[in-house]
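What follows is subunit A paired twice: with subunit B in the first complex and subunit C in the second.
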Partner chain A sequence: MTSLDSLLGNLLLITSLWMVGVTAISTKLTLYSVQTIAVGALATLVGIAHNEPALTIAGVGVLLLKGIAAPLYLSHLTQVVGCRKDLGTFISSPLLLLLASAAVGGLFLFHPFQQSVPPAALPSIGVILAGMILMVSRRLAVSQIIGFLVLENGMFFFTVTIPHSLPLLVELGVLLDIMAGTMIAGVLVFQISDSFEHIDILRLGNHKR
Partner chain B sequence: MSRISLVGLAVTVLESIIMPFLLVGILRSCRSRLQKRRGPRVVQPLYDFLRLARKQTVLSDETGPIFKNAPVVSLTAYGLVALVVPWAGLPAPISADLILFVFLLAAARMATGLAAMDTSTAFGGMGASRESALSIFVEPTLVLALSAVAIYQGSPWLNALIATPVSTGGSAYVLPLAVAAIWICAAAETARMPIEDPVTHLELTMIHEAQLLEYSGPRLALMEYQAGLKLTVYYGLIAQMLINEIVIKTPITRWAATTTIMFCLVVLAAIIDTVLVRLHWRKLPDLLAFGLAFSLVACLLAALKG
Partner chain C sequence: MNVHQTLEFIGLCAVPVIGLFTALMLPAPKLPRVVARMMWLQCAVSVIFSAPYLWHNHAPDRPWPGVLVDPTAVLFILLTTFVTAAVTEHTTGYFAREQQGINLQNHRVLREFYFCTLAVLLCIYGIAIADNLGYLWIAVEASTLASAPLVYSTRSGASLEAAWKYLIICSVGIAFAFFGTALIFAASQHALAPDGTLSCALLIRTANHLPPALLRFGFVFLLLGYGTKAGLFPLQFWQPDAYNQSPAPGAAILAGALGNGAMLALLRVTNVMLAAGQGQFVRLTMLPMGVLTTCVAALFLVRQRNSGRMLAYSSMENMGIMATAISLGSVGGFCLQAVCHSLAKTALFLISGDANQIYGTNLLERLRGLITISPARALLWLAGIAAVAGTPPFGSFLSEWHILAACIREHQPIAAGALLVGITCAFVALVVHACGVAFGEPPPGKERLPQKFGNTWRSIAAPAMLLVLALWLGTLLPSAVLRAFSRLTP
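Up next, the complex of A and B:
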């Protein structure tokens, strides 16, 4: 099971870093969908293998809700709002991609949280890092939602790699929270786009004056 | 020298003479078919080579010795590249490490670029400056991707590429990531589609071809043969990485598998040439940075597992 873990952890890491460099929303959503379905499938398999119904249910939930429903909803949202690419990033995306790779490399090589994080959970920390970078670097609101979802993927993968780290109730609660958060953020984006005809975070600041 | 290495040398030399024409011919023919044209015959590049070789050379008054000798210099560099890289699936006749490979490519690029600037035409200089700007991304990507494979295989020698990998529970993503990175390098170096339009004759958008505008006759023939040789070596290198996971016992099966994969890669390149559009020059770093990032991550994964 550990080899499957590391295989999947690295897949997650690679797709997350890939997403940092991508500017097209649909590509980002596809990559996100792939990695979430993979995480959900792994959680389900681990749950069945270790006879832990909690993990199985959470895995199926992640697979269906976060892996399939959320990307479909977000791609519908981007079609309605009419944004297909990130208008601009705070740092240009190729540079950001290299910086993110370097950051993850530093994380792996120097392993700063040696006491609290086992080596098996390092990819998930890397995914959380990539999700944070995705969230803070994009100006488009939809991209920030995707970054948030990637970050949550990292957290869920962390709970899968460390057995008995979270009880079912907390895990399902987090899952539902994420879904609700995505829906609310989506509705907000709709509203912002209706009122201001764009979803650019930088230009929103102009309305304060 | 043992018998196997002698046969390897003979096959490598023979293939490096035949394969460039064949691969370029197949590529052009496939691309034409995909675009619903009949296109040239597969052997057309060879006929072109022979036709150009018989023609007279026209030299501009502005050119100096650099322009005249550059084709031979870069031919030497690419010839050595073909001898040090085990691209045919057989051990390379000359054993070399990855740095020499990258160095030889850089030497050839420098010769071509200097020759293009020696013509003192605007397009030659532009092509040379673009090619060197691209190489800023291509060279580190190539070094890092090959280093990742070297760390994974546990040896910096290029001939270790065709040895069966020492199974140390290495990460499964090292070779695919390195292949992706080298594929992007190959697209940039051999003027393929997302980087450069191979059929364009608009000087403003050409990169590699713009450096060859002033060449004619036998020198142009040499330059076109080198471009084909570079394509062959790159695709052979990618093929080696692709079949590395499979344990192949005899050299003959390995050679056959390599050749088959090279033909498949050429067809794939033709499909990509047909489907994709050329990226804007200023958008190229967006694509090339992916190659760099992939090779960085490949290095990291290889270093962690190795």
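Up next, the complex of A and C:
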């Protein structure tokens, strides 16, 4: 594991955990954008250094589409829908941050998958964990989309840390699917907002016929 | 690259691709009839495409890298095309009768429905022919995205909630599958240093050199991911709501076409595991998941108040049986079960959609006396329930028998016993609910079939045809059917 990988892995983990602790959607989007641009840039640099065009192109794609276009789209979405804060479900954000940090700390301390995965994959698993926590602990639909994108960042980071990158067609296909998924989820958020005048997922069940 | 095979494949995809543009451009009221005719044409094309592989022992083809056209792939191409054609045929009458959400006046929703249906068809083609775990993942995720708008076609609040749940839960599940795919890719870099591969054929060929720990870790994520999409226990939470809130033709596509896609992905992944000598691990993880899915679905089936949810749990029960077959390496049993389930479940959703239009509700307690109102529909409803419950002489009886025999053969008596209890419990629950709908006194004011249903025979032709096919598979010589399906083993 190179020092740059390690540095980026830690940055990814810190920003993901930070997102677990914040309630403002705009801050969360900024943090997501920073971590995605960082991981996209890392992929580009690793691709250039190892002479792997697939990784370079995928890195640029991630940087531009997932790092810049997706946050802009989601930011527009939150402005139109008019939501600023997501206070979460049952556990308050600071406590959740503490619990998530303890879980990630435990992951690094005990390394439960030692037999199966290399140590380089640990930050990815930590980010995936943080992404899952983000998804299940938030009540606004937009926050769940951000959680999903963070989770996906963890997975992309894993593909960057393995010695050789995935084939270009696969990388681009995955990127395209993720972007299409974000767009469709965004359209659904608009529809939910139009129908219910809120985007609180927990309250959706109350409207059942 | 073989030009002849490439042209064949372009020919197979041409009609659905033209259909996508037609759905966007043609005046909406004409769409149901035009798309239905295009789909029957596509049926003929897919029969011509499949015939050499299914009936003349044509060797599997690889028109491009990462693509494999084998008998299993063409069987699912043929099945999905036929199911989609039957659904589009039935929609010609269904949408004209529909009063809420989707009707011939609601052009945008109608366009969206046909566009998404054809996009799902193309995605299933992609899943069927993918011989690369990466392409497989892309096709499965694309099928989820393409089918999400089908769930909220009615534009009701509950359908929006169901669509959101479906999109988010399945996307997260499939994201796990991507992690599993990346782990298998990392494992392949030990066997095929330094580049690695995602090609199923190469992975199977070099399976003995793949590091077992990494392979197992990857398989667990792939099982969780594709298992979510297939609705395996305990990842099935999206399924009852999504099936119940979709309009009947949309639910028919989800159950008859989409569910098979995820199971086919699991089959391809399991083949790699079995080649690597990890059969024991597959039986430790996937077999209990399959058996538990069947048993839990059977329990849920007992207390159902709603026809859509009832059919969803019946699908879950069948997915459990299919997962059991895959984990035991019984490809023939899986394929026969998938074919019979798709045919019967599609017919059932179409008939239940008609019943919902007749009664104005899908609550089982209010669906009564269908045999008085529409005897033909009631008979088809009962036949469909018998087919999904695995009653002879339908083909599903043969496949369930074959899978139970595989359990015994592979020394899994507990799994066989639990599966038998689950299947029996589901059978009793389904028959009780189905008889409640078919017999008894119709509610006041619903004694006669509404005028808008017109010619009964024409409006039930599609589900009748599907059920005749399911029956035909069961009445052929059992050994011949099983031999034909067992030949599909890749």
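Note that the second predicted complex is superposed on the first by the 204 of 209 C-alpha atoms of A that agree within 3 Å, B and C clash if a C-alpha of one lies under 4 Å from a C-alpha of the other, contacts with A are read in each partner's own complex, and residues count from 1 in each chain.
Keep this in mind: a residue touches a chain if its C-beta (ideal position, glycine included) is under 8 Å from a C-beta of that chain, and two chains touch if they have at least 3 such contacts.
All figures in this text were calculated on a predicted structure; none of them were measured in a lab.
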Give one word, clash or fit, describing how subunit B and subunit C relate on subunit A after superposing. fit
Of the two partner chains, subunit B (first) and subunit C (second), which one does A:L7 touch, if any: first, second, both, or neither? first
Which partner chains sit in contact with A:G105 here, subunit B, subunit C, both or neither? Use first/second/both/neither. first
Between subunit B and subunit C, which makes contact with more of the residues in subunit A? C
For A:S195, select first, second, both or neither according to whether it touches subunit B, subunit C, the two together, or no partner. second
For A:I146, select first, second, both or neither according to whether it touches subunit B, subunit C, the two together, or no partner. neither
After superposition on the shared chain, which partner residues are touched by A:P94: those of subunit B (first), subunit C (second), both, or neither? first
Per the contact definition in the header, classify A:L17: touching subunit B only (first), subunit C only (second), both, or neither. first
Angular separation of subunit B and subunit C about subunit A, which is computed from CA centres of the superposed model and rounded to the nearest 10 °: 150
One more residue to check, A:A43. First (subunit B), second (subunit C), both or neither? neither
Aligned on chain A, what is the least Cα gap between subunit B and subunit C? Give it in whole Å. 23
Okay, in this complex, where on subunit B does subunit A touch? 169, 171-173, 177, 285-286, 288-290, 292-293, 296-297, 300-301, 303-304
As the complex stands, subunit A meets subunit B at residues 3, 6-7, 10-11, 13-14, 17-18, 21, 23, 92-95, 97-98, 100-102, 104-105, 108-109
In the complex, the residues of subunit A that touch subunit C are 113, 115-118, 128, 132, 135, 141, 144, 148, 151-152, 155, 158-159, 162-164, 166-167, 169-170, 173-174, 176-177, 180-181, 184-185, 188, 191-192, 195-196, 201, 204-205, 207-209
For subunit C, which residues count as touching subunit A in their complex? 66, 132, 134-135, 137-138, 141-142, 144-145, 148-149, 152, 155-158, 160-161, 163-164, 167-168, 171-172, 175, 178-179, 182-183, 185-186, 189, 194-196, 198, 213-214, 216-217
